[in-house]
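Structures are listed in the sections that come next.
Consider the two complexes below, in which chain A is the common component and chain B and chain C are the respective partners.
Up next is the complex of A and B:
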């Protein structure tokens, strides 16, 4: 884009400033939380008058918050391990099937990412209630997997579209059954896309609050659910501390994945 | 020498909606034979090959490998070596790993797998490239890796789907001889798909010409070329002149054939004495002439209006250079090279 106007310095300056503004607009709300979390005050105040680590202590010292963190990490891991293989198989079928049927299936698979979360949560609540699964970790897991599959599919479908299917036929003719052809030929070559899909599925679960609020019960509460509840009851900078930690965790995960993609 | 098997294709039909890809195809291929499926794109040749490989399930009919019915057998249980048009090598493995892959699937002990893979690579003249990455190979080398991978597990049948179409002309000709030599060394039943008639003639024991999902003719290359059974085969195989009944006269004045005749462009001579008295003569006006290096190509308009192509080898064509368009020219063909196509209308 910039190469198109190599001589027009004004245009370049304007473009760069505009991009910088957009980025600032996107980033600032997240960054504001960081100084808040190091505040010594009982209230959320910006800029903080004094700094401390007390809200981090509060977070790591609280059995409730720690249980929430554990639940969220377990749930995120389980969601990614279930959703990504399922999404891969679904995407392979869509890719091979082609035509209108494939489009219909693809549409159905992507619905959970389009339907408002609250509707999905209400629907899921009734389905799980009928199975007596409300309040169980498994119930929340089902909800998160349903949400994570479309996210993983969006990453995997274009990668499969570029994949040379003849390789699978070659592997089959050389004696590989389906499982070995997928595991030995497709998976190693889609490694990077699968890694991205795993990260996206993990983050989808980590970030999800609506289904958790509806379906998770006391001891299975996820971190986002606890954060919402605490915002409702009392506002203190613990939330800011958690948000900061969260941002760091996600940033690290994304950086690891993008560095692996580069190498 | 591997133990190769015959293949029987019995009334196989495959339709996609209203499009019939294979229309009751039957074909017997002998053990150790090199058979080519030749036809234009959409003729069904690749569909037939994919049915043998197990990637296309016939709607009707049976496929036998030896006396075993493989119509519904999974592709990985058929023990058929396949060379794909784009080679379908595994880019995440090096050359050796590609060739060892079928052996690893068969749980062949490591040392033996290595020995056999290196042996297969030597057979296709790729010694010394075992550790190369696939991305570092030329098109011809990839072709050889694909061949090595397809023969290393000693399949009883080999299928090749236009394996040389991506190579340039010189390399293609080298590989034609090498694939044929490999076939002769291994004695493996081979079905080869191509749309290149020269390739089919050069390589095959027998050629099956396909069109619109049917086998038009199956015969030795020479028979297919000289004695085509349909007009389609005649025209697909080379520069064929289809001459209407009555357009050709016998040199000796006897009654000419009442049938539609096929005369290849290169069967003609301009000198009646070479041809013999039972040959035929076609007289017309010279419309165009072109020097093509090894031969001259003359276009004659017969009096009935039809145009024929006459190809005269440059070595015998003294006088062709002097011919002028508009001049009357008579082309003669020996009786042995005049073939009546049953039922064809010019």
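Up next is the complex of A and C:
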């Protein structure tokens, strides 16, 4: 855009060095944990003087951390399994109805992502407390599903907009019922978007911390909740090992999504 | 909808519409159950004593407490502080990205997206490691002789702000970058060929055309930061107490559900106020643009 100013070297150098600093600021905290996780020392020394895998052993050997990991993976899977079909149906509805009704539905589905997490968390805590469901997997699950639905919708709505609805009409006129039309025509054609939506829903749940902090407890504590509690008390390099693993998992998922979408 | 002459066909169309409407019911039900009902419950709880009787005592207690008002001030300070730094750091970055060749821009965007995809807890931990007294940044500062003593960079307002700016910057950048990328390069060329300096072009052509993006970005910053919890809880070290932290403390330490709910409602009111301010500002700016176009 600024190629109209080829002579302004100084401005260009200044702008780009500023950008390099900002990008470094953005990358630094993610990258700094990686070498730390391989440190052999109890202290958070940087760069580590000796390397080891002891913090990874610590993580995989701890019953508490493993329970957290298990809970998070189960929750993520359940969240994706529930949120994506619900989002798909809602998106079909939005896509077909159009106009004000569609806007209203879309607005309602987006509410959870606008309301501050802390409010959802304490509100859900109150509701669950009244039903004696605090600390159950179910409580956290509802919270995560409701956060994952808008994320899945963001992926699925544009995909549905590109979908040729005449195919469904044709299937219907040839005698297919709705379940068959949706399952046999829409789902296979939206395969890639559905995969993206599933991964995004999974990641939303995996990454969610505030609702988990308030609503999950004991055996059902998620990994983010355990990380939060341990960050408040002490900062030992086990967290660095978890953080590194966590980032790798998320990056792999994101890369799968972006490559799938391009191909 | 087209008007169908045949009543049978019209009935068919109505039935189909009802069917499509019903498809969104399961999702709407979950949202009602896990988002709308909790908010209503907070409102209800704010009028109840611990014994479950109706009262306005919670409001009197919370609104007369100095802690509430200082929490409100801290919340607003953190939000505006984060916004200021996002504008300061994000706008030039967006400009550089928008003016870069697409391949370079895409590569650099990956750097922006990486933190966006990193768990907030991982990032918070990273900042703890970097900003501690014995941390990397203080080691560099004292090692190079820039400062004699390590600076207090974390477990205070500064640390919280750094963490929040870091969290919000990619989210702020995305709409600003999108707006700048959509600017017609011919406008910039025209401005340059008519003798405007780079600074003039940025001020009078590029920035006005990206206000929409900057507005959306700022709104996103507010929506997120107003209820921010993890970052002040960890990087604030107990010294930074915005509304979110007060809510948590009132709930878990004092078991005072009523007061926690009142604080929650304050948070909602604050959000609504800022939302209204934004809409008003946007309308005002749209009117001004219209005015200058006719002048």
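Keep in mind that, in the parts below, the second predicted complex is superposed on the first by the 229 of 263 C-alpha atoms of A that agree within 3 Å, B and C clash if a C-alpha of one lies under 4 Å from a C-alpha of the other, contacts with A are read in each partner's own complex, and residues count from 1 in each chain.
In the analysis below, a contact is a pair of C-beta atoms (placed from the backbone, for glycine too) under 8 Å apart; a residue touches a chain by one contact, two chains touch by 3 or more.
Everything numeric here is computed off the predicted structure, so don't read it as measured data.
Chemist: Quick one: chain B and chain C on chain A, clash or fit?
Modeler: clash
Chemist: Please work out whether A:188 is in contact with chain B alone, chain C alone, both, or neither, and reply first, second, both or neither.
Modeler: first
Chemist: Check whether A:108 is in contact with chain B, with chain C, with both or with neither, and answer first, second, both or neither.
Modeler: Touch status of A:108: second partner only.
Chemist: Once the shared chain is lined up, is A:164 touching chain B (first), chain C (second), both, or neither of them?
Modeler: first
Chemist: Once chain A of both complexes is superposed, is A:177 in touch with chain B (first), chain C (second), both, or neither?
Modeler: first
Chemist: Could you tell me if A:227 is touching chain B, chain C, both of them or neither one (first, second, both, neither)?
Modeler: It touches chain C, and chain B stays clear.
Chemist: I want to verify the contact counts: of chain B and chain C, which reaches more residues of chain A?
Modeler: Per-residue touch count on chain A favours C.
Chemist: Which of the stretches 2-10, 20-28, 200-208 or 272-280 of chain C runs into chain B once the two complexes are superposed on chain A?
Modeler: Between chain C and chain B, the clashing stretch is 2-10.
Chemist: Write out the stretch or stretches of chain A touching chain C in their complex.
Modeler: Counting only chain A, the residues touching chain C are 1-5, 8, 11, 15-16, 18-19, 22-23, 25-33, 36, 44, 46, 86-87, 89-90, 92-94, 96-97, 101, 105, 108-109, 111-112, 114-120, 122-127, 130, 142-143, 145-146, 149, 178, 203, 206-207, 209-210, 213-214, 224, 227-228, 231-232, 235, 239-240, 243, 246-247, 250-251, 254.
Chemist: List the residues on chain A that touch chain B in their complex, please.
Modeler: It comes out as residues 164, 166-167, 169-177, 180, 184-185, 188-189.
Chemist: Touching residues of chain B toward chain A in the complex: what are they?
Modeler: The touching residues are 53-55, 74-76, 78-82, 84-86, 88-92, 101-102, 105-106, 149-150, 153.
Chemist: Using the touch definition from the top, list the residues of chain C that touch chain A in their complex.
Modeler: Touch residues, chain C against chain A: 17, 19-24, 26-28, 30-31, 33-39, 41-42, 45, 89-90, 92-93, 95-99, 108, 111-115, 117-130, 132, 134-136, 139, 166, 169-170, 180, 183, 185, 188-189, 191-193, 198, 201, 206, 223, 226-227, 229-230, 233-234, 244, 247-248, 251, 257, 260-261, 264, 267-268, 271.
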